[in-house]
Amino acid sequence: MRPVRLGMVGGGSGAFIGAIHRIAARMDGKYVLEAGALSSDPARAQASAAELGIPRSYDDFSAMARAEAARTDGIEAVAIVTPNHMHAAPAVAFLKAGIHVICDKPLAATPDQAAQIAEAARTSTARFFLTHNYSALPMVREARALVADGVLGELRLVQAEYLQGWLADPAEGKQAEWRTDPARAGAGALGDIGTHAWQLAQFVTGQTPAHLSADLSSMVPGRPVDDNARIALRYASGAKGGLWVSQVAVGQENGLSLRLFGTKAALEWRLQDSERLILTPKDGPAQLLTRAQDRSASFRTPPGHPEGYLEGFANLYTDIAAIIRGDLAHQDRVPGLDAGLSGMAFIAAAQRSSAENGAWVEVGS
Amino acid sequence: MRPVRLGMVGGGSGAFIGAIHRIAARMDGKYVLEAGALSSDPARAQASAAELGIPRSYDDFSAMARAEAARTDGIEAVAIVTPNHMHAAPAVAFLKAGIHVICDKPLAATPDQAAQIAEAARTSTARFFLTHNYSALPMVREARALVADGVLGELRLVQAEYLQGWLADPAEGKQAEWRTDPARAGAGALGDIGTHAWQLAQFVTGQTPAHLSADLSSMVPGRPVDDNARIALRYASGAKGGLWVSQVAVGQENGLSLRLFGTKAALEWRLQDSERLILTPKDGPAQLLTRAQDRSASFRTPPGHPEGYLEGFANLYTDIAAIIRGDLAHQDRVPGLDAGLSGMAFIAAAQRSSAENGAWVEVGS
Amino acid sequence: MRPVRLGMVGGGSGAFIGAIHRIAARMDGKYVLEAGALSSDPARAQASAAELGIPRSYDDFSAMARAEAARTDGIEAVAIVTPNHMHAAPAVAFLKAGIHVICDKPLAATPDQAAQIAEAARTSTARFFLTHNYSALPMVREARALVADGVLGELRLVQAEYLQGWLADPAEGKQAEWRTDPARAGAGALGDIGTHAWQLAQFVTGQTPAHLSADLSSMVPGRPVDDNARIALRYASGAKGGLWVSQVAVGQENGLSLRLFGTKAALEWRLQDSERLILTPKDGPAQLLTRAQDRSASFRTPPGHPEGYLEGFANLYTDIAAIIRGDLAHQDRVPGLDAGLSGMAFIAAAQRSSAENGAWVEVGS
Amino acid sequence: MRPVRLGMVGGGSGAFIGAIHRIAARMDGKYVLEAGALSSDPARAQASAAELGIPRSYDDFSAMARAEAARTDGIEAVAIVTPNHMHAAPAVAFLKAGIHVICDKPLAATPDQAAQIAEAARTSTARFFLTHNYSALPMVREARALVADGVLGELRLVQAEYLQGWLADPAEGKQAEWRTDPARAGAGALGDIGTHAWQLAQFVTGQTPAHLSADLSSMVPGRPVDDNARIALRYASGAKGGLWVSQVAVGQENGLSLRLFGTKAALEWRLQDSERLILTPKDGPAQLLTRAQDRSASFRTPPGHPEGYLEGFANLYTDIAAIIRGDLAHQDRVPGLDAGLSGMAFIAAAQRSSAENGAWVEVGS
């Protein structure tokens, strides 16, 4: 497959989610990042593009949409990784230019902005994608398959939670600042993480609640957006549920979870143990499903190699690249010949000892 | 930093560890893969290189080493991802050519081969790296830092385990075949996973056992290599330890773990819960350390975003690339405009209900 | 301390909670069970008393209250272990007779019955106790002490859950029957387990919610009482909370839990891991508190000996009593001389092998 | 069943294991404790007996054996709860007197003492029981049943561990003192906890290792007994195993565990999670077995009510007895009428709110 030519709006150096999108686009080699409007500050946009080795840098996304659409080798898709209130304008511009849009969540900061995107999508030849990344994890996809297969019977109870503690104090720092500004974020915890919990429950159950009853709070005095939301859900099917999101739940780093109870079985998934699914049939013991039981084929390593496996390898490669370029700061943590020879000495000693019925032998070097 | 020009020996299409190395090299954008001798079968080598978009393909590694060394824009480093018995020859060739070597573990299949690599490394201007990937995980690096800082006091007890169950029956399949062939693998579980456990303990403790007593078994009748090894360890410091590796431990997918007990504290790490470290001071409660406590800065996401986070994002990007290229098989699992609009409807309904003191409201669409 | 003379109302043979109360009263040797009105069926009451070796059996609790109050060696306290609607009448009778009442929860089936008990208690010289047993577990008592000490700072969020699955189908059996009968139970899940969750949160936090918003359901068609309740809580302090109880949460055996988040730390306790408390300070790693950190001294074994430890011992004693009485059915599971001699042979062999630097030795017998 | 008349040797006030045996004997009401030689110090023996309400107290066990055997209502069984070196003499005396012996483990401090017990048992009409209590836990009994049923296939690998940390420093206190005295204990960790691990593995697998290779250590300088033992095991069946016991594993309170791997499935049990068994079939997901799957009927509460449940109840009963006797120190932690009325107010408020479709209502009092 020929790699997709990709552009990016937002995500200048130091940005959190932009860097994540770039790693994701690189991981399977399916994209080449060819253009960017990485910052609303032209100088910063240029510097970031240069640093990242992106060939074409633009001062603003409108110019980028026009110029790229005009090129025969222009970008085919664009990633929008700006704050919520800056999703709609570029999304509309690129959709109008016939360029596919990959947009970070939530859709927008206001219903109006959302409507603009919807209108542009309706009349565009290009497609619109929203990166609700948690629903793309292998065991979440397997959870959805289990529900669809009827393994749970009729769904009765749903509990989705997304608990964080990082905004337990008055916010500080760039990430916190725009997320607690109503103009830029639209909503607080509700938009930032509530939409993840909402989509996760929706994706896995295949159902959308018909009614809800909500209690939004700003637990930190003076905070202009919600930082805790407790929401009761009623489904048309008769199922009932709850959704609890918080950014003042101290000690919780990223406590996203989903619990489902049906007439025949229960299913539980937690982000902090993301490669496991607990399936409990009504009349039997709980089962711990792993990727060995997953059918979505959404992983790159055999069961038991946790997804961090790839990052461990990448850490070595990145340290090695630094060493090759002359930065030896971390060379002591990269295994080399000594580690290899020690491993060989270990094998030889173990074989020698075992051949002598477990005699103690010197390891040698 | 200018990306490092990389070559690869082994790792043709369908290979397991070659694909892992390529993802790792891509993840941080520090490498470009420019040359390969991906298979000992020239036709397969060519086809794999074409499929992977690698510019220069060679029929054999010797030719590759010579040719690349001769180019001004030749590769600067090579990844060797062949079976164990095929590490030494290419490693020697590239080291002699002055090209850095990144070699999969274990070092070699025989002591002789290991000695050849050692000799070549000694006289080369290039460096040799061995990808003991587990020791590059953030919490393993933090474990090492804690030991080095003296948090455990004097080390007394070490227990390293690496348990797998996939070879519990007579081996089948490509991966199993060469791993149970003494000529190609050198040793069985001992070499394949024992060296990982050995290096992990060594890396974290900073000590290498002076003596060992081993009991190697072939639990599967007729298997020509060890598939279970129980090894007692004695350190010069007076510490004692155990190392247990098995490939017949049914139900264990990849049970790598390390437990350390010192005079002041204990430390435990398990691959299946790889982002946590349990530190238990002698007189206090156990502490669950996460990346929030890690000081190695070896990760790409904030604490609580498990390392699979990146893969979830990558799964979306890869599905989206397929959709853009016309393969719609998985389009129903990629969130799009509907998910975005539903999220907006959720936010609006929650705000409306909360404003009405929790009245039940319709979600709308 | 002289043991307390105890009576019991309800709890005839085959009863669940009556047997539990008797074990509890026996465990520390602080009570002697001397009288009972174990059933409303006089014949069954007599037979049960005889079987249990209770000296004085009564046909009804009124007669028992009168007679026992009249004796100089009459009971000092009575345990009431009847269904909810049968708490008030005996409680009133014994309180009026000046006999202490130990009553199973909930207090009563109706507000009227509760008021009768309250009135009787107000005018009695005797005391009234309610067996909310979960709040008497060591780590729950420690949780309460931590909150009282201000370790959590100001309380912000409370989540109490009590999830069971045993009534997921239309109820069958004696336990289920009266619990789903509005006349006898008063409420469904709300009374049976909801009051436990309510009292647990109250006991640990030291606060009672001022307002609540509830959604009660009968998920099993035709069930006349609630089997699922989702309740939002508001405290006068500004804290907010949730309480979720269910008896249709399939696969949940007895999922009682409490999670608290304050301005300085979070605290989590789960019945299924009842001897551990997770305390997470805002800026530090989570700590796993055990009985080694508990200050309530509410346990009989050293830390690490789980509470089941006592039951393991009791299982042996009870099997041994059966053997002594001639019932040999389970003699093969009771360790005896052979186990002892095997242990001695093990010790000797281990000492011999170690003295010979780990030589393999025969274990002997 | 008529309760068994029981005597006790050792276990004076303040003793650890004697108190445990008494609770165990009381729990199911199958014993009455009628005689004791609770201490080798006659005054202490008398005082302890009085304190515990034991009718007949003896100055020494020989006198007790003679006198009790001579009574028609003498004890039928005796519990021996003295240090290891004081097991043999009383065991022999009571066996000769025809009184059943319930002896704490290990059998004795020396092989000679063990032989004396064996000889006495061989010629006695009475039986000898050894309280390896862990093997009497419900899930351990179920583990044994699963192995016996062939669920694991042929056993290949066994790993038993018993790790404690309480002797990591030079020993202090009564419990530590005799356990580290070779004359009284016979062996160190090996005898104290090693025999538990040995018997546990033996009980569950139904096999006894034929050969072993041991490495005993005294990690604490100057300690005259072993405090760490690493032992390799070989079974006649071809299975191999390991047994690791330590009393210097800091942070481990009571880490007893057993892991078994067969040709068809693996089984894991840990004391710290004693009511769960992890069964992993070779080709399926791991299953979490609980008492709902247990067939030994060795428990007193329904599944999900952890065994500590009984102790929670007992804590209330014991606090209540103290209150009745005038000690009000802990009355604030015993739920009473207020808790009951609060629970009723909760039920009423929840029903009212739910009837009004979740309106916020005041809880009332």
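Order of writing sets the chain letters: A, B, C and D. Residues in each chain are counted from 1.
We adopt the following convention: contacts are C-beta pairs under 8 Å (C-beta built on N, C-alpha and C of every residue); 3 or more make two chains touch, one makes a residue touch a chain.
Being a predicted model, the structure only gives us computed values, none of them experimental.
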Remark   = Check: interface with higher C-beta contact count, B-D vs C-D, is C-D
Request  = With chain centres defined as mean CA positions, report which chain is farthest from chain D.
outcome  = A
Inquiry  = What's the distance between the Cα centroids of chain C and chain D, rounded to whole Å?
reply    = 21
Request  = List the centre-to-centre spacing of chain B and chain C in whole Å, with centres computed as mean CA coordinates.
outcome  = 48
Inquiry  = Taking the mean of the C-alpha atoms as each chain's centre, how many Å separate chain B from chain D?
reply    = 43
Ask   = Mind pulling the chain D residues that touch 2 or more other chains?
value = 213, 215, 232, 252, 286, 290, 292, 358-360
Request  = Just say which it is for the chain contacts: an open line, a closed ring, a star, complete, or other.
outcome  = complete
Message = Quick check: in the complex, which residue numbers of chain C touch chain B?
response = 213, 232, 279, 284-290, 292-293, 358
Ask   = Which chain C residues qualify as touching chain A in the complex?
value = 156-157, 159, 165, 168, 213, 215, 217, 219, 228, 230, 232, 238, 240, 242, 244, 246, 248-252, 261-266, 280-282, 286, 357-358, 360
